Each structure stands twice: as C-alpha cells, then as structure tokens.
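Chain nomenclature is as follows: A, B, C and D, assigned in order of appearance, with residue numbering initiated at 1 for each chain independently.
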Amino acid sequence: MSSSGPENLDAFRAQLRDWLDANAEHAPRRQVLAPQDDAAVGRWRGWQARLADAGYAGITWPGAYGGSDGTPAQRVAVEQELTARGLSGVFDFIGIEMVGPTILVHGTEEQRDRYVHPLLRGDETWCQLLSEPGAGSDLAAVQSRARLQDDGSWVVNGQKVWTSFAQHAAFGILLARTDTEVAKHKGLSMFVVPMDAEGVTIRPLRQITGDAEFNEVFLDDVRLARDSIIGAPGEGWRVALTMLGFERVGVGSGLHATPLDRLVAAVHASEDRDDAGVRVRLGQVASELLALRHTSERVVEEIAEGHVPGPEAGLIKITSVTASLAACRLAVDVAGPEALVDDEWGHQVSALPGVRSAGGTEEILRNLIGERVLGLPPEPRVPTKAA
Amino acid sequence: MSSSGPENLDAFRAQLRDWLDANAEHAPRRQVLAPQDDAAVGRWRGWQARLADAGYAGITWPGAYGGSDGTPAQRVAVEQELTARGLSGVFDFIGIEMVGPTILVHGTEEQRDRYVHPLLRGDETWCQLLSEPGAGSDLAAVQSRARLQDDGSWVVNGQKVWTSFAQHAAFGILLARTDTEVAKHKGLSMFVVPMDAEGVTIRPLRQITGDAEFNEVFLDDVRLARDSIIGAPGEGWRVALTMLGFERVGVGSGLHATPLDRLVAAVHASEDRDDAGVRVRLGQVASELLALRHTSERVVEEIAEGHVPGPEAGLIKITSVTASLAACRLAVDVAGPEALVDDEWGHQVSALPGVRSAGGTEEILRNLIGERVLGLPPEPRVPTKAA
Amino acid sequence: MYLALTDEQQFLIEAAQGTLARHDTLEGARSALDGAPGPALWQTAAEAGWTGLLIGEDADGAGLGAYEALLVVEQCGRVLADARLLGHLAATALLEQAGADATLRGALATGERRAALVDAAAGERSAPVQARRAGTQMVFDGRVRSVLDVPDADVLVIVGRDADGACVAGVVDADADGITVTAERAYDATRLVGTVRLESVGATALAIPADRTRDGADLQRALLAAESVGAADACLELSRSYAIDRFAFGRAIGSYQAIKHKLVEMLRRIEGARSLVVHAGRTWDDDRAAFALAANAARVVAADALDYCAPETIFVHGGVGATWEHDASLYYRRAELARRLAGGATVAAAAVAAVLLDEAHLRTQRPDTVSALSVG
Amino acid sequence: MYLALTDEQQFLIEAAQGTLARHDTLEGARSALDGAPGPALWQTAAEAGWTGLLIGEDADGAGLGAYEALLVVEQCGRVLADARLLGHLAATALLEQAGADATLRGALATGERRAALVDAAAGERSAPVQARRAGTQMVFDGRVRSVLDVPDADVLVIVGRDADGACVAGVVDADADGITVTAERAYDATRLVGTVRLESVGATALAIPADRTRDGADLQRALLAAESVGAADACLELSRSYAIDRFAFGRAIGSYQAIKHKLVEMLRRIEGARSLVVHAGRTWDDDRAAFALAANAARVVAADALDYCAPETIFVHGGVGATWEHDASLYYRRAELARRLAGGATVAAAAVAAVLLDEAHLRTQRPDTVSALSVG
C-alpha cells in the first residue's frame, strides 16, 4: 500500500468496499455518542481489531508497528466509506488519534514495541490523564507530582479530570510535575500509567445526560517503573504539545454533527411543516449544517493532499456544536416539549453543552486562532510562578 | 417650584400642559437625528429659549443662574409631556446635560455668571473637545498641549474629533495636557475655548448618512485667557469624569429609539402582514423595543426618586442601538430594498452604527459595567507612560 | 438593579426568600431527575399565603394583584422551586374575576384544594377546545398537551371556544366524568405537566367577558417570565462567583473580556426582561387592556434572557458546568423546558404581533384613535 | 484558508485581482453615492473574458463552469467592483443551456451586448410573471422589482410560469415592445437595479427543461454569495489591520479578547460560507440536480457572514468606522442591499427548506429512495 496517486486510491477504495461488504455485519452503527454498556464496548473493540487486522486502522503508521504504511488520502477514504454506510470506525480514538502517534514520535524503541500494536487492535485501550480540577485549559498549571525514587522509579500523587473511557482503559498517558524549581511549563514530564496499578482510583463523573462519559482519576502514591517516562524528564510540555497537535488533526467532528436528514424528517413529520417561520428557520439551520459538512470535507481534502490543516480547523468544532444545538432545538420546537426526554433529540440537547468545552474552552480556541492564524497580538503576560 | 411631592407634581404637570397647549406651535417635531440646516437650527434654538424662559429647561438648576430650583421628578415630567406630543426638547443637549452641570460644580463664581444663563437659553451653544484621533475611548491618552505663558494665559495646539455641533457652538470645553512629566491622567486640565478664536479650524466629518453630524477641530496656537481654565491645572481628569457622569444620567436614549408604532404600521402596510415568520419576528423586535422603553422608564423613575442610576444604565444605549437596528431592518425587509434610500428607515440604517460607538465603544462600556456593577476584576494593567 | 418597590413588596420578597431557604430546592431538582420525589412545596406555599394571593379577602385570600404574584414566583424561579403556582394562580385569577363560589375560592385560597388552567391558547398549534352551552353548564371537548400543574390538580378551569369562536370559561372538579389527565415526563423534573383529554365535560360556566377570558393564559405567561428572570439572575450570580474565584493562566477568568462581557450581556438581558415583568405586573391592576401585550412581551424577552444565561453559565464554568452535580445543568433544563411551555415563546411573540397589528388595523379604520404606542 | 484550487483557477483569481487593481473601485463606490459615475468596469470585464465565462467556445466564450464565475465574482466583491456580471452571467447560463443562437451568444460573450435575467423567482413575494405560448414565441406579462443589472441591458432573459404552473424561459431584446425598465435608487451606489414591467412581450422561447429554468435564479444567488464572501473577507482584513495597528489603554486593540474573538468569529463565518460557495461551484458541473440546494444554502450563510462582518468592522474601528470617508461604510452599504437582492436571503432559506422537505416527502412516498443527505 505504499504507492499513492489517484489510480492507486481507486483500487484501494474498491478493495475496501469489497471488504466492507463482507465484514460490515460485525460493525456497530455510528452513533453521536458512545454507549457506556460493556457488551457494546466489547463488540466495538472487536470491530477495531478486525479493522486493524485488515490494515484499515493506523493506515499511515509504519508497518513495523502494525500500521499499513499508507497515505493520508487512504485514511480519508476509509473514513468516508465508513461514514457513507453509517458504520463506526475504531473504538479507541484517543489511542489511535493521539497516544499512538505520540509514542511513535517520542517513545523509545522498547515502548513502541510494547504499546503500539495492542493499542492499534484495541486489545489495550488508552485514556488521557492531562486536565486537573485547577488546570483545565491551562495545562501548564498541572499540579500532580511525580517524585523520582532512588531506584529510578517514580511515585505519583495527584488528581485528574475529564478522563474519557478510563474505566475501559489499560493505560493512561499522564502529565505530571517532576520539577517545581523551574518555570511552570518546564517542570513537566509525561508518563505511561497502568490503570490497574495500586493507588489508581477511578470515579465516574456524570454529565447532564446522566451518562458518565468522563471520570475523575485519583493517583495516590502510584509507583511507576523507570521506563514508564515518555521522552526525557522535563520534556512533558513538548510531548503534550505534540499530542494536542494530533488531536487537532483528528477533525471529524464536522462529519459527526446532527444528521440533516433526521432534522428534515422531524420537521416533515410535524404540524409545523407548512409554517412559513419554521421553514425559514429550517432553511437557516440546514444551511449551517451544510456549511459545516462542506468545511469538514474541505479540511479532509487538504489532509488527503498532504497538508496539515492550521488551527482554524478548530472552528469546525464551534460550528458543529452551535449548528447541532440549533438543529436539536428546532426539532424539539416542532415535536413539542416531550421530545426533550427522548433519545433522538433530548439526549443531544443534554450532551452538546459539554461537547463545547471538551478539549479546551471556546475562549482558548479563539485566542489561539486569533493569534496564530490572524496574527493578532497576545494578551499581556501575567508573571507565572511554579506551583 | 421648590417643594416636591405628588400633589405638587400634578399641579406642575397641569400647568405644563396648559403652557404646551399655548406654545407647542413654536416647537420643532421630535426627530431621530437633528437636521443640519441653519433655519431648522435657528427655530430649534428659539424653542429652547422659550422653554428656558418658562422655567422648563435647567429645571433642577439653581434659580441664581437661570434655573428653576425644581426636582428631578419635574424634569422627568417635562421630558414625558414633550415626548407624548412628539415635540423636541432643548437644542443644546450637550450644554444642558453636560457642560452646564459641570460648570456649576467646578467653575468659579465668575464662570457660572458668565456662561450658564446664555447656555440655558441656547443663546450660546456648546461643544465638547475631548476625543482625539489617537484617544477615542481612552481619554487619558489625550495629546493636545496647553502651555502656560508668562502672563498666565495659555497657548493650545492639537486636534479633536467627534465634536458634534461645532459649527453652531459659541464655546467648546477642551481637555488638554498641561504637564507631560506626570502619569497620563494627572497632567490634564479643562478649558473653555471660544470657537471663533484665532487658530480654531472646524472641518465637518461626514457620517454614513451623508450628513456631517460630527466635526474635526484643529487648534493651532490658540491663545486662551488666564480665566479660561475650569478647576485647577492638573484637575482636568476629575472634571472630565464629572462631565461623563452627567452624560450617563442624560438617559433618554431609550425613549428616543425607533418608534414602535411606525414599525408596526410598516409591517401592517406590507404584503408580509400575514406571513407567520414575519409576525414572529415583529413580535420579537417589538418585545425588545418595549423592554427598552420600560427599562428607560424604570431608570427615569429612579432619578425621579432622587437616586443616581449606576453605570448599568449605560446598557440602555446598547439595547437601544441593537433593537432599533433590528426594527429598521425588519421594516426594510417588508418594504423592499428601496426603503433603504428613504428618509424613514434608510437614514436610520445608516445612522445607527455610528450611534453605537458615540460616547465610547461598547467594549469600554461593558468593561466598566463588568467591573463596577458586577465586581469583576480588571484587566491586568499595562504600564502607562506620559505622552 | 433599578428597584422601585413598596415596603410591602420588599417584605414579600424577603419572606419568600426566607421560606424557600428552608428547602434544598436545587438538590431536590437534581434528585427528582433520578426519580426521587421533589420537595413538597405546596404546603409551604399555602402556609406562606401564596395559594391565595389572587383570591379576595372575602374568601380568605390576600386580595393582591399580579405584581405580587410575579415577585413571589421570581423568587421561586431563582432557586428552581416549583410550588405548582403557575397553574393555580392563573386558574384562581379567572375564578376571582368571575366572582366564583366563595367556598370553592376559599378552599383554593387556603391551599386545601389546588387548581390548574386548561387553555388551548397556551398551545396555539393545538386544535382549540370546543365549548357549547347546555343550560347553566358549559360542555367542553378537546385535548391539550403539556398543561402546567394539571396532574393531581383538584379543580380545573377550562377555557374554550364556542361555535361563534368566542372564548368562554368554566370550572369543574378534576375527577368529573369525561376528564382524563395523563402525566408527561418532563426534562426539568421540578415540573408537573400533563395531557388533558376532555370528552363532553360539563362545567359550571364562569361569568367573564369574552375579551378577558384569555387573561388566565396571559397571566401564566407572565408568571413564566417572572420565574425565568429569577432563574436567569441566579445563573448570573453563579457565573459571577465562579468568574471571580477561578483562575486560569494566572488571572481570575472574570478579568478576561470574553467572560466579563458575557456576564454583562446576561445583566443586560435580565434587566430588559425584568422591566417588562414589572410593567406587566402594573398593568394587571392599572390598565388590564394593556396586559396581554405586556405579559406576552415579558414572556418573549424573559425566555430569551434565560435561554442565553443558562447555557452560557455552563460554558463560563468550562467542563465542570456540564456535569450532573453542577447546578448550572439544572438551570439549563429549566430553560429548555420553560421556553416551550404554555405554547412556547414563539407563540408569545406571535401574540405580541397580533395585538399590535390588530391595533394598527383599527387605527387605519378609525384614524383618530389614539394608541398607547404613539408615546415614544 | 483551505485552498484546493487548480492552477488554472489560481491563475484566474490572480488575473482578476490584477485587473481590478487598475481601478480605484472603492473610491468609485464612494463617489457614486454623491452621483458621480462609477468606474466603467463592463469593458474591463469584456477584455478579461469574464463576460463570456459561461458561453461555449463555439460562440467565442470561455466555456467554463459556475465555479470559475464564482471565483471571479468573489474577487469583484472583495473590492466592491460591480461589473454587471450578476445579471449577465445568470442570463447567459440559461442561453447556453438552451443552445441559443450563436450570434447572440457571441455578442454577449465578447461584451458587445449585455444581458440581464428577469425572473420573479428572484422575489418570491412578487406575483409570478405570466407566460403563454403563441406560435414559436413565448408571451410574457408581469412586473418584477429590484432586478439586478437590468437598466440599460441589451438583452433580457425572462422566466415565467405558464397556465399549468410550469416554468418557461424566453429571450428578447430589451428595447422590444411592451418592456418598460425603470431604474431604482440603490443604497449601495455600485449597484444597478430596476423595476421591469412586461406587457404582452413576445420573446423567443428557450428550449430548457422545466426543472432547469430556475438554474439562472439559483446561479444569481450563488454569485451573490461569492461576492459576499469576498466582501466579508475584505472586512476581516480591514479589521485585522486596524486591530494590530490601533492602540488603546497601552495595548493594540487586537490583543483584547472582545476584538480578537470577534475577528475569529468573522473568520468562522467566512470559512463556512466559502465552503458552500465552493460546493455550489462544483455541483454546477458535477451534479446539477444538487445545485439549487447548494446555491441557496451558500446564499443564506454568505449573506449572514457579510451581515455580521460589515457592521462589526464599523464597530471595531470605533467612531472612524462610521464616517463617510472610511471604507467600512461602503461594505456596510453593500451588506444591507445585497442581502435583500434576488428575493432576499430569507427567500433563499425558504428555498433550502423547500428542497429538503420536498425530498423528505418523496422519501415517505418511496422509502427506498436514497438521499444525498443520508451521508453524514
């Protein structure tokens, strides 16, 4: 799969379609939010293993670690074909989109050998241990401490929040402070934490939906082996930036917004179908959803052509939340208030406000884009001090 | 007119109505924006003199300077009765609302005797020489220089902008820097400038409407007499704050927004009268205009009861501009694009964006209210330096 | 801000705050989502005299006006207390206006019985309730969805349209023949809403002029507005405290313009809505013909205010605002359901337009008519 | 951002920028408000080959697609150049589709003659233009307001409805009997708009399938969208420069979140609109049945984008933005008029809904129909 070009891509796509015809029965349907029950998770992980074994996960990763040495365009093609059939992709998108690439860049040869292949198959899934109660968007303010022991191992204490899928994860990737004597972002290091290690406590954090999508994770005297550090001590900030950069490339959100056809069906089924005001509102919301879809497609095309999208791709997330919320609210308006308690619309009305702050607040994103893309001057710095 | 209480107010109002019955023929109709032609201005100034002579201008001012020693409630009653008849109030609202009260507070006895009474009658009207091209909302950054001469007089050089009615004004009230060695806001002083003094040049500044509502004023070696300073040298910032405080009390803007009855008439006259979407939009815009009206009334009541409204009264300006613009845009939508070039709606569509920044940008106002009313912490200070 | 209340009104507000503080209404709102029974506020409301606010002193009521009711309900909204007053007060207002039986009004005033209003005008899109006269009775047929406080109510005041399209009202015991009430699940679990089916329901006719029968529905909208103002104000207070206490990148987040200006925008919208609630409260006694416009306008602006404040409160709080344990989510649920009750805020906007356009139409017929709108 | 253009398209854009830079179009837009004649861009457009963009090479045209036309018009919008292309390109697209007379198309391609589209669909609220067949001719009657570029046009392409309600099109010389064109005053003086009255106007029938006769009106909306994207982008650039250069309270104003986030919001809206313009351009050639949805959606989002960017550009500039001399005011005039042309952005939103609801209706009739929307 190493050669590229359109002809090769057509062949790739044809082969993929045949494979999907034969294997789609094993795939969970695409859903707006992941289900929390163990049976569904097990089935989804099985589907990830099947994709990986066929070479349709980690497509651009080196073959030496289980990848396919493929192209970004092939990766986009897989995403498109799955979407067209309404099928889910991999279960562990945190592992695949963020942790895997980060270990490939910053990990040792031993770490790559140990972690990457089971990660790819979903045999071992991952979670992120980055944000803390006092450091949400402001990661440099992380307070969790990792203290070096005489034998080269580390002992970690601290508390993390907003950890998705911690209850299913074999490992977490942890940002902790290893040096308090230097400027904030210079004293951080990145570690691998076995989630079943002694001293790790996972407490589910219920969201507005009532589901526990996130968790709090408490680390009490958790002992980590010498080789659990990723990169050198003090390089944690750099490793974290690499990882967040990969997160940004994991676009997708625009392709996973409220399905337009379901909104249209809801209006069509309602008494308000012929109300002039409702029709104009539908037209406006639908236009926003279409703008979102085609903006996502433009970014995907960019990636397929080998470009790395700029931070402005993050705007897709903002549009995705606002347009999806507008769509859900219109659907409830035409269906009546009882629709707020149904699974189709009510669940999304509850879930979307949380999505908006996931992965950093909208304010941080707008600062970033204002400064990096538009070249606007930053806020004046407030002198920082180490924790 | 010195005693207050509801009975007294009823009597005051009855007398006022009789007077208006007899004198309304001399009053110009209330308009959204002042006309620029000299005949109209002359007629309007005549009406101000008539109001002043009858005791219906400067109602709360001391009788010694031509005022009526009246109550805030009486002032509000005059405003209400004029509004109900669609009649204009005084022409020189800058003089009456801001300069007059400021001279009464900070001026010398000689200055009060000289300026206040002709100001009240509109015999001598006033303009403000505060903002500069490099100091719009940030008045402490004023660069115009006033240099003290050996004989105690002053020589002024500088440039001012956003000066309303400069072409009609006898005097301007000028903020200039008299000391460059101290912190920015400590080196300022306030002066009276005869607008016909040598070295004063007025250049009209056309607005989007095409009218020249504002002017630029250039000051080239303008010589001011020793007694033209208001307050002590270096007290200009304090005098300016007093004046801007009076501006805030000159609420009114909520009472002068787009008239709701004209919006309703425009929709009623259109083909869209029965369009469900247009009706909902009308209901929303009308509700905003009504909220604006009753918020203004609440503030006016507060004043009538002797309270000084807080900075949050400034929010009325924001609502006034946004609701009026929404109203105009709806009116044009139902009437068709040709309405953009008519006097009724098109003129307002052009004028309103300028109103939003008049007297300081919306951002400054929101900072002020966030800090003073909600108690939110200020932005970090950037070290300032004198000009 | 802009307070202009009488001492009695100020006392009523403080008493309401004191009364409500005895219940953990927010925790109640949260646990109700998991099926726990909410706090029993009806008894509290009865003891505080709120159940009889709009009933005359001849029938053990307080004989007060809508303004006082709005002030109490605003305080309830602030802490997400739902004492079933929105149905009861709207229904008793019509009974009082009709001079209904003093025994009935007395039982409602003391809280011994609870009333709800069934008015299809609350949901303009529903088919109207049909009414016909049969001797001294009115007979009603129809179906109305999402009626506030109707499950387990003792007395129903029903508003329908007769064959001529005129609005008529009647009162009936809720367990009378032909009435079926089905409770609906509510997104905001503090709420009690239900679907009412009426099949040849005979009710005692209420002697109310046709142009005043809608006052009940309009009052209910004004009460929703007042409640929303209270809830929005609580959102602002939550956000304000967090913005002062929470630091990010070395500064309190309230020092950032993005947060600061958002909070000022909350204040701006709340003040506008509050002005209309106050205005609606005053017109009830002073100028009833203007009440419909005031109440519906209040409903529109207040729903928009809460609609802005509730989700922005979540966003100001970042991730923690979107958790089950945080009160912001409860205000969000309140906002999402409240704006859709009693026909929804959009129907209120259409009602505002209808009042204004009808008046404009009359003016074109009789150009000498002076409109209340010509001022300003 | 997100550029995915061919080299030819990139060249076309750069050539357009170069061509337009030879005129001071912004100063022209300003002086036109005082009655001065605007820059004569028609000749420029002809020399650049824009007049023949959509006409086949058999008739001296460039034989390109809507995408290229949109790219050129976006550049015109950026500098507020109006070369009368919106009427001409929409009209010539229909003539090309009908395979109209090559001499006529040739004269239009070279710019010797100028065409405009008269389609009441551009203003849904207008009564439709009535059409009837008389031999080989179509006869049209009706009145359409605010038609783009129609004053002084040489050739009119008219779209009307026949007695069965079917859309039909015809072409006629603008000076033919029965045609009265009255120029309207325009808020944005770069524009040329007029009212057209048709009284028994005999026109040559155009052989276009009924479901494609609306393509001209839809293309005009897409062109308005492209133009708006260009104008909005110019607003962002104006605001960006000012935000970097202007200092207040010791800092560049672009360092304040209130300004910074506003500019990012401009970018967000522009990128969304641009995506739809690109999509509309592609569907014209690739999937014409999807063009109506794409073009109208582009129109809605682009009008909203400019509607946001133009006034906010004034506000970012403070007082100076609201002066006659500042370019921000010209973009504001463009925004206010453009969103109301061709029926207005609201009509485009209704058109989007109509396409989607019609398709949903078909799906309920034939559940096996696969919708383009089922993806995503």
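Note that contacts are C-beta pairs under 8 Å (C-beta built on N, C-alpha and C of every residue); 3 or more make two chains touch, one makes a residue touch a chain.
Everything numeric in this text was worked out from a predicted model, so none of it was measured.
Greatest Cα centroid separation from chain A: this falls to B.
Two chain pairs, A-D and A-C, are weighed by contacting C-beta pairs, with A-D ahead.
Once the centre of each chain is set as its mean CA position, chain B and chain D turn out to be 42 Å apart. For the pair chain A and chain B, the distance between mean C-alpha positions equals 54 Å.
Each chain gets a centre from the mean of its Cα atoms; for chain A and chain C, those two points are 42 Å apart.
Shown for chain D are the residues that touch two or more other chains, namely 251, 256-259, 261, 346.
Counting partner chains per residue, chain B shows two or more touched chains at residues 276-277, 279-281, 363, 366, 379-380, 382.
Partner chain C is touched in their complex by these residues of chain A: 131, 133-134, 136-138, 141, 161-162, 205-208, 210, 214, 271-272, 277, 329, 332-333, 336-338, 340-341, 346, 349, 353-354, 356-358, 361-363, 366, 379, 382-384. Chain contact summary for the complex, chain D toward chain A: residues 1-2, 4, 236, 240, 243-244, 251-252, 254-255, 257, 259-261, 263-265, 267-268, 271-273, 275-276, 278-279, 293-294, 296-298, 300-301, 304, 346, 348-354, 356-357, 359-361, 364, 371, 373-376.
Interface residues of chain D, counted against chain C in their complex, comprise 256-258, 261.
Residues 275-281, 380, 382 of chain B touch chain A in their complex.
Partner chain A is touched in their complex by these residues of chain C: 33, 125, 145-146, 184-187, 193, 247-251, 256, 258-259, 311, 314-315, 318-325, 329, 332-333, 336-337, 340-341, 344, 346.
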